[in-house]
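I have a structure I would like to understand better, so I am pasting it below and will then ask my questions one at a time.
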């Protein structure tokens, strides 16, 4: 591996080329991302991402909240996948405190995480297709996302920021009949996935817009720190659920879809497959939810012993890691650090867009699936 | 005054021709000079069409078709030269386009 | 042009901060301006009027201590990756720690790059993936920063954390040359902590606006305050807020605001 | 009468726009005036019973060539404002005088040559009569200008026509070669 | 006087109003059709089933503030939408809605050339609109637009030449009459030409999947980014009027204009009971529906792919079609 970071001074653009600002108010930057593009004609020579527009200091804030309050701050990071954020945080604290989570809670957590993955991927699919101009897919995907949100609403009362988990387990048990609804949603979703694929997968224009766009090899993707579908699209078999299993993933069967060419189309196909794998996981997990308590043995005052740990889960966007330091004395974490997958994936944008056309920039922003709430925190 | 004869068209043509010549001689922006040449060609065309109508001879119109074809060719090549020149010298001022190489 | 818009963004960022800080709506902007000019005594009435939630002089609050980096329990087998590192780069590893399943090596800052290169290239370690670069701030300590690198090997499926302890001015070699992934992560560490990272190709602020002063994740940085003051000079803001103490900026300033 | 009104209106507009073309400060404005000028000239052609040429004038001149001009003007001023002319009056007098001389000459020729001549009533050498579309002139509305023109173009003027097409081909290749950045 | 001035003026007035009203309802139709394609209802609030939305939209646009950017070229900025709309409306002067002179304003012997040349003027509105805004995105969009329109114009014109070869006339009325006499719509005689003209028409009207000049996800609205209020609505009207024009051209050239289907099949003669102009308008709306349907379904081409399609696929096919048509014409 001879990867060296490209050495360019991104702020000093020549006057000869056209420099345009994409964002922060732009319909396809998925929030307040600003990309300063240096163009030669319509070809991108250099790109510089300017982020931080919605930096709310969640890490700093969390260091001044107690351990339970932080859960609802994590909701606000990747706000389209709040449940996985909750899950990652709770598991990190559980790891720090060595709390055993009951099996029932772990299964339900798995169901929630996978439902969340479907919802997040729905949003990704819709906006990605919209960026490339297929606007009907957006409405279809959002329609199915609503079903997931309905399920979450029935489970925890919220539709976006769920606050759905607690350190040591879950705040509430699943409502009666909820599991059957989840199963019927799985059946529905499988049919709808075929609809999406009919519209896109073999569409010539879609193929032209995504094949060979933003190609990145496996080694380079690893070096750039890509994670989640962008990494797997380059053929790297890296999935935290498989490699470092958490919740109930070690007891369930699923495949990790891998790409071969590492282009936008592969990343699309992978996410479409992940939909199916998620449905498969949900089916297994719902069928297998054991009886039992939903909360482990958690002390009344949560105060982990002094120590630090890093724990990662596979969020819909990629490896979501939490690095938490406890000083063992106060009721809040001494250091709370999130390793946001969108942040690390967005870092690869510059590499992906260089040499492509402006129109591909929006396709590539779409394909790495960022949520600015998580990038900026 | 009220009866329009080919003479009127010819005079109009001559006036437009003169405007074009002034443009060529006075302006320094190469693109404007090219446009003035188009004006001159149009002046000629007006004359040709008017005489074609007067003489009931289609040859005039045929010539106009050729003139338009030549004008298209001229515009394509001329503007290509301007673009190539601008790319190298960053100017379209005729006074600065006097050297034969760059 | 880029800079111009950038500064615009900075102003936006300032506006986003809750301006109604401690002095409340009673303190007009003019007074804040005055306070910014470090006319400390003149500010006394304003600060005195402010009801203080807790009396301050409750003895200096004991500065938090960093966890001890527990050594692995006796008889625990040192994994191959750590052993290889200890053999491969002799003398660089100051300490090996094991806690809740995670292995951490504490490394001498000047040997950091050697260690990292070994970790990346050696067959027994093969840490080709840089998960995270972050830091923690332990103010009273001489070497106040822990800079933490979370590495992962996609081939051997193993994790390790590398930690260096550095002071405010001590240089930390950038690992961007080894893992391009570290680029933004190190920028964030620089932005949020002010760790002196050297040889980074493009060391700029990343989350905070370009002209922001101070490093928000440091423990002596206030949790809240008027945005425009924080942006330009957080230390001034601290001084205004803690007038009776006038102890200057320090870790004591934090903590009780909530 | 009606013809006179239309002619004088058109003449004034054409000349006025022509002056605007060469005097406008912004090159884009020049191009705009040029377009309108060409459209009005096309109307003049219609008055002179040359519908086909009028349509070609609009299609090729206004819709093609001038768009090209506009394109170039925009490309050139994309990076830098259109340059100012250092001192337009420096040679303006000479130019205008020269042009006036040309005008005088042209007018003299025109007046002298058309002075005695009645409109030639004789059929042109290639008039409509010897085409197979002789019946075309029948309807007042439907003239067969296009057919006649086509006939003449493809018989008597076939070789010039082919030469013109070659010219266009060469110009096209030349333009591509010139404008291409890297060969 | 009556016949030469008043009647044509009346026709023009009626036609203009009809086109503009049709455009407003076309917008409503587009919103409704796309909504149905996307399992939505579309506008439902104004009037029964949202029908009056067609009136509410223009009112809203007219009442909105008409903003001119500070550094824009004010005259050109105002002129551009007009230059965009006028050609689109002028074309209707030669469109025959029925067989009698009553149904069209004029029938000129170079009708088809007139249509092509006048629509080619419409590109000025787009280029100038983008340039006068003095903003980067609109400028990029307008450069795209001019290149796109000129390229596809070549393909469309060449294709239409092959149709002219079969009819022998440039008059739009004549072309429809030729289909009546031949007893066969040219869609069956020239299917390749139909496809080319339709695709080229999509591109020339900047419709999906060729809506690059106004690709909102890339260029934030394209050449009319800086426009608002009435001037924006003129661009809007022009786009939809152009859609109607292209549909009308396709119907006239390939689907027999006002003719009922299969005019020479006696068994279907009852179709002739429906007035001719209804057939014509019905066919136009069928094509407008296809325009909208395509927009709801397909993603967008990239700019270089679009130009590649125009130059490397459509123009060669058009030339090939022309050659084949010429050979057949001579041989038969």
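Labels A, B, C, D and E are assigned to the chains in the order they are written; within every chain, residues are numbered from 1.
Throughout what follows, contacts are C-beta pairs under 8 Å (C-beta built on N, C-alpha and C of every residue); 3 or more make two chains touch, one makes a residue touch a chain.
Computed from a predicted structure; not experimentally measured.
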{"item": "Chains in simultaneous contact with subunit B and subunit D", "value": "none"}
{"item": "Of A-E and A-C, whichever chain pair has more C-beta contact pairs", "value": "A-C"}
{"item": "Chain whose average C-alpha position is farthest from subunit E's own", "value": "C"}
{"item": "Chain centre separation (subunit A, subunit C; CA means) in Å", "value": "25"}
{"item": "Chain centre separation in whole Å, for subunit E relative to subunit D (CA means)", "value": "28"}
{"item": "Subunit A and subunit D: spacing of chain centres that average the CA atoms, whole Å", "value": "63"}
{"item": "Separation of mean Cα positions, subunit E and subunit C [Å, integer]", "value": "61"}
{"item": "Multi-chain contact residues (two or more partners), subunit E", "value": "none"}
{"item": "In subunit A, residues with contacts to at least two other chains", "value": "18"}
{"item": "For subunit C, residues that touch 2 or more chains besides their own", "value": "none"}
{"item": "Footprint of subunit D on subunit B - complex, ascending", "value": "1-29, 31-32, 34-36, 38-39, 42, 45-46, 49-50, 52-59, 61-62, 64-66, 68-77, 79-84, 86-87, 90-93, 95"}
{"item": "Footprint of subunit E on subunit D - complex, ascending", "value": "26, 28-29, 32, 35, 39, 51-52, 55-56, 58-59, 62-64, 67, 70-71, 74-75, 78, 141-146"}
{"item": "Subunit E residues touching subunit A - in the complex, by the definition given at the top", "value": "34, 37-40, 136-137, 140, 208-209, 211-212, 215-218, 220, 296-305"}
{"item": "List of subunit E residues in touch with subunit D within their complex", "value": "73, 75-76, 79, 107-110, 113-114, 116-118, 120-121, 123-124, 127-128, 131, 139, 142-143, 146-147, 150, 153, 170-171"}
{"item": "Touching residues (chain side subunit D, partner subunit B) in the complex", "value": "1, 3-4, 7, 11, 14-15, 18-19, 21-22, 27, 30-31, 34, 37-38, 41, 44-45, 48-50, 52-53, 56-57, 60-61, 64-66, 68-69, 71-73, 75-76, 79-80, 82-83, 85-86, 88, 91-92, 94-96, 98-100, 102-103, 106-107, 110-111, 114, 119-120, 123-128, 145, 148-149, 152-153, 157, 160-161, 164-165, 167-168, 170-172, 174-179, 181"}
